[in-house]
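After this come two complexes, each holding subunit A, first together with subunit B and then together with subunit C.
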Partner chain A sequence: MAICTGCSLLCQDIEADVSDGRLSKAKNLCRKGHGHFQASFSERTFPMIGGKQVDLNQAIARAAEILRSAKSPLLFGWSNSTLEAQRVGISLAEKLGATIDDTSTFCQDSLMESILSGNLPSSTLDDVRNYADTSIFWGADPSNSHPRHLSRFSYYPRGEKRQKSYEEERTCLVVDVRMSATAALCKENLYRVSPGGDAEFIEAIISVLEGKIPRVGDKKKMIELGTLLKKTEWGAIFPGPGLVYSLQGNMEILERLLARLNEITVFKVVPMVGHFNTRGFYELLREKTGHVNRVSFKGGEIAHGPEQSVMAAAKSCDAALIVGSDPLSSLPFGTAQALARLPLIAIDPHRSLTTDAAEVVIPSAISGLEAGGTAVRTDGVKIEFEPIIEAGIPADEQILKRIMEAI
Partner chain B sequence: MVSAMEIYMLLPKTNCKKCGLPTCMAFAVGLLGREKKIEECTPLIEEKKYEAKLNKLREVMAPLESASETGLIIHPEKCFGCGNCVVACPVNVAADPTHCGVGLGPQSDKVILKIEDGVVVANNLEECKRFGPGRVLCNACTATCPSKAIEFV
Partner chain C sequence: MALELSIIIIRDIFQDEAGKKSRYSEEYKSQSALIILDKQDLAGIGAKEGEKLLVKNDVGSIVVSARLSEDTHPGLAFMRSSPWSNQLVSDATCEAGIPGYKGIKAAVQPAEASAAVTDISEILSRIKG
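Now for the complex of A and B:
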């Protein structure tokens, strides 16, 4: 049995034969996970300085030199690294007085802040499987982002108190701006909102729960939704980036909805983060600094705010260490352009636009396949895993430790 | 997927009964259920004026030839590998309740649907509720598929 680090569900029932340099007889891997496993055999990186292949020791020495001489370095990425590597990364940021930020700075951070601070009630996905009779996917399309979400936890499996599962006991609702693949599975329970209309929709639900006529949406359908929510015994809301973007950091309104729902029945919020250990980084950094991302240790003091985000830091810093991420492809053009002008150090198992543009490239082992460690699933459950391939490539954690020693 | 009415439109529509069925519509349903073969409609094969219709009929019926005994057709190129069908299939759950039943990948060899190399594959089709004369028109696997990768004839 292996573990899949293709998304934040960290499926543990994977069987795969990876002997003789190729993937065969893979069982239970979804298409996304299969692609993730297969990618370990192509487009791998080599230690490089300025586009020329070098020895690993030379690459690490050069990386340490760049970071040591930088006045305000940026450490970015982290969502695709194990907890052990993230811990070393945070210590490195502290030692360098650097700015540290993660890949989801554009995404789920405000929601995670609310969940980790306890303002939004949360639970594990195993509880969802055992008890939930209503699952609401809000601005999320797990069929594409977390393909096994519905079959492992939220809709189709039988649970302790839900033996009849989707056939009789579970209802799945989707709130989205479009007919997504997940919405196609529960067409009668799709609530379409206009882009940016989620806050209004939440207000409408709150009015319906209080017995008032809602001001937006199809009134009859909204009243039906209110009745369904009131009848729910144990509900779970899965907010995706669609909801978080739409609320623009205004989590107070979602907190108000959850507080109202929890006066009537039990409702939990389970986040749907993207990369396999995004939540791990949030928890570690929050434990250390009180903030989930966008932190600067400059001058030995902890600073947090939009100025410490990758967008601002890319323009103000003088070197950047990128771990397991490809910001030059994924971030907005202005930020990517600013990053590309810096001396970049990329620690990545795969070749990407960022590794192509980087001054120093350090190859690392793929977590879950070639390196073991611990990761935090999207619902907060810690999962340990062992490597299934002996590749002889150092893990992120070992590389970062060596950089730290060299500094 | 082709419908019985579309097949009927490509038949002679003379109700000649040469195929042994009372009407061409009944023959169309028989073709769709794979109880009849195109060759049993002798006028369609023998008479020159039906040649265009025959060719069109062979064209629309071609995808059905890849269907299994239960009429199951899997389009692997559309499959997400999400496993919804694996967990929803009542035969899978009965064969492996401790895994399929609770959302995990099957460990038993008796299951019908499982995910291999990122896409769904079907085995043991004789266990499917749609198999044989006493079949039930179960649609647990098609109804739970987000990408329409599974179809029944």
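Now for the complex of A and C:
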């Protein structure tokens, strides 16, 4: 059995035959996971300096030189690295007095902060499978982002207390601005909000739970929703980027809704982080600094806030180390442009816009396939894994340790 | 004619799969360089599904393919998260440091007949300046 590190569900039941240098047989992989496994055999990186192929030692030495001479380096990425590599990365940031931020910055961080601090009640996905009778996907579309979420945990499986499952015992609701693929599964239970209208919608639910007439939405449908929530025995809310962006970091209103729901019944919030070890990075950095991301160690002091995010740091730092991430593809144009002007060091298994713009490229093993380690699933469950391919490529952890030694 | 629309960035499993395999493939380009429009909006700019559209705002401009939505959402359009959509996303943030991925204002109109869908090499050149 292999693990899939294609998303944060970390499916551990994968059967894959990669013995002849290609993915010849696969079982239990979703389409996203299949792409992740197939990617092991295409568009791999080589050690490069200034666009010319070099040996690994030269690339590592040049990376160390850039970081050593930088006054304000940025260390970015981390969501696709093991806990072991993340730990070295955080130590490296501390040693360099650098700013450190992650791939999911501003996408899930405010929600994760609220969950890790205990302000929002949470649970494992195994509890969802065993107990949940109501699953609410809010600004989330797991059919596209976490494809096996519904089949492994939140809708279809027969759990301990939910043997009749989706046929009789589970209800699936979607709150979204559109008819997403997940919403199409539970059409009559799609609650459409206007873009940015989630806070107003939460207020309307709180009103209905308190027996008042809601100010927004179809009143009859809102009252039906209130009844369904009150009748729920064990509910779970899965907030996606749609909700987090809409609330603009203001988790207080969501916390208020959960507090109200939990006066009536049991309701949990289970995050849906994107990358396979986003949560691991958040937990490690929080343990060290009290913050999940956007941290600077400059001058030996810990600073945290929007000024320490990649968006701001890209414009103020003088070098950047990017690990397992392609910010030139995924971040706004101006931020990508600012990063591209810096001496970039990219540690990545795959060619990307970022590796193509980097001064130094260091190839790394793909975690889960070519390197073992530990990761934290989106719901907080820690999972250890062994590699299934002997590729002879160093893992992020080893590369970072070598850079640290060279510095 | 050009129509001012609000664009929301979404995820798609087919595009995600293509992107994992290669950022430079035709498959990734065809799954990424597109805008999903409401039927009424598509007709409003005098375009049809599959035609090339110019999407432009203060941040940048791209040529992408039009896709007809199966849903109804006049005034709203959807693009998949990619280097193409990011050409239109401002790096200005709200107080909490969050950029506006969920409501990008842009003008959408049919592209000139000679225009090609923006290539990823062109996007990388723009980023590198």
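Here is the rule we go by: the second predicted complex is superposed on the first by the 407 of 407 C-alpha atoms of A that agree within 3 Å, B and C clash if a C-alpha of one lies under 4 Å from a C-alpha of the other, contacts with A are read in each partner's own complex, and residues count from 1 in each chain.
Note that in this section contacts are C-beta pairs under 8 Å (C-beta built on N, C-alpha and C of every residue); 3 or more make two chains touch, one makes a residue touch a chain.
Bear in mind the structure is a predicted one, so any value in this text is a computation, not a measurement.
If you count the residues of subunit A touched by subunit B and by subunit C, you find the higher number for C.
Once the two complexes are overlaid on the shared chain, A:Thr182 sits against subunit B while remaining clear of subunit C. Of the two partner chains, neither subunit B nor subunit C is touched by A:Ile264.
In the superposition on chain A, no contact is made by A:Ile213 with either subunit B or subunit C. Of the two partner chains placed around the shared chain by superposition, subunit B and subunit C are both touched by A:Asn144.
Looking at the shared chain after the overlay, A:Gly159 reaches subunit B, while subunit C stays out of its contact range. Look at A:Ile407: by the touch rule set out above, it reaches neither subunit B nor subunit C. Of the two partner chains, neither subunit B nor subunit C is touched by A:Val381. Applying the stated contact rule after C-alpha superposition, one finds that A:Arg31 touches each of subunit B and subunit C.
Shared contact residues of subunit A, touching subunit B in one structure and subunit C in the other: 30-32, 34-35, 143-144, 147.
Against subunit B, the residues of subunit A that register as touching in their complex are 13-15, 24-35, 129, 143-144, 147-148, 150-153, 155-159, 166, 181-182, 184-185.
Partner subunit A is touched in their complex by these residues of subunit B: 79-84, 86-88, 93, 97, 99, 101-105, 114-119, 144, 146-147. Residues 6, 8, 10-14, 16-24, 59-60, 70-71, 73, 76, 78, 81-83, 86-91, 93-99, 101-103, 120, 123-124, 126-129 of subunit C touch subunit A in their complex.
Subunit A contributes residues 6, 30-32, 34-36, 38-39, 42-43, 105-106, 110, 141, 143-145, 147, 177-180, 195-196, 241-242, 245-246, 248-250, 294, 305-306, 309, 311-312, 326, 328-338, 340-341, 351-353, 356-357 to its touches with subunit C in the complex.
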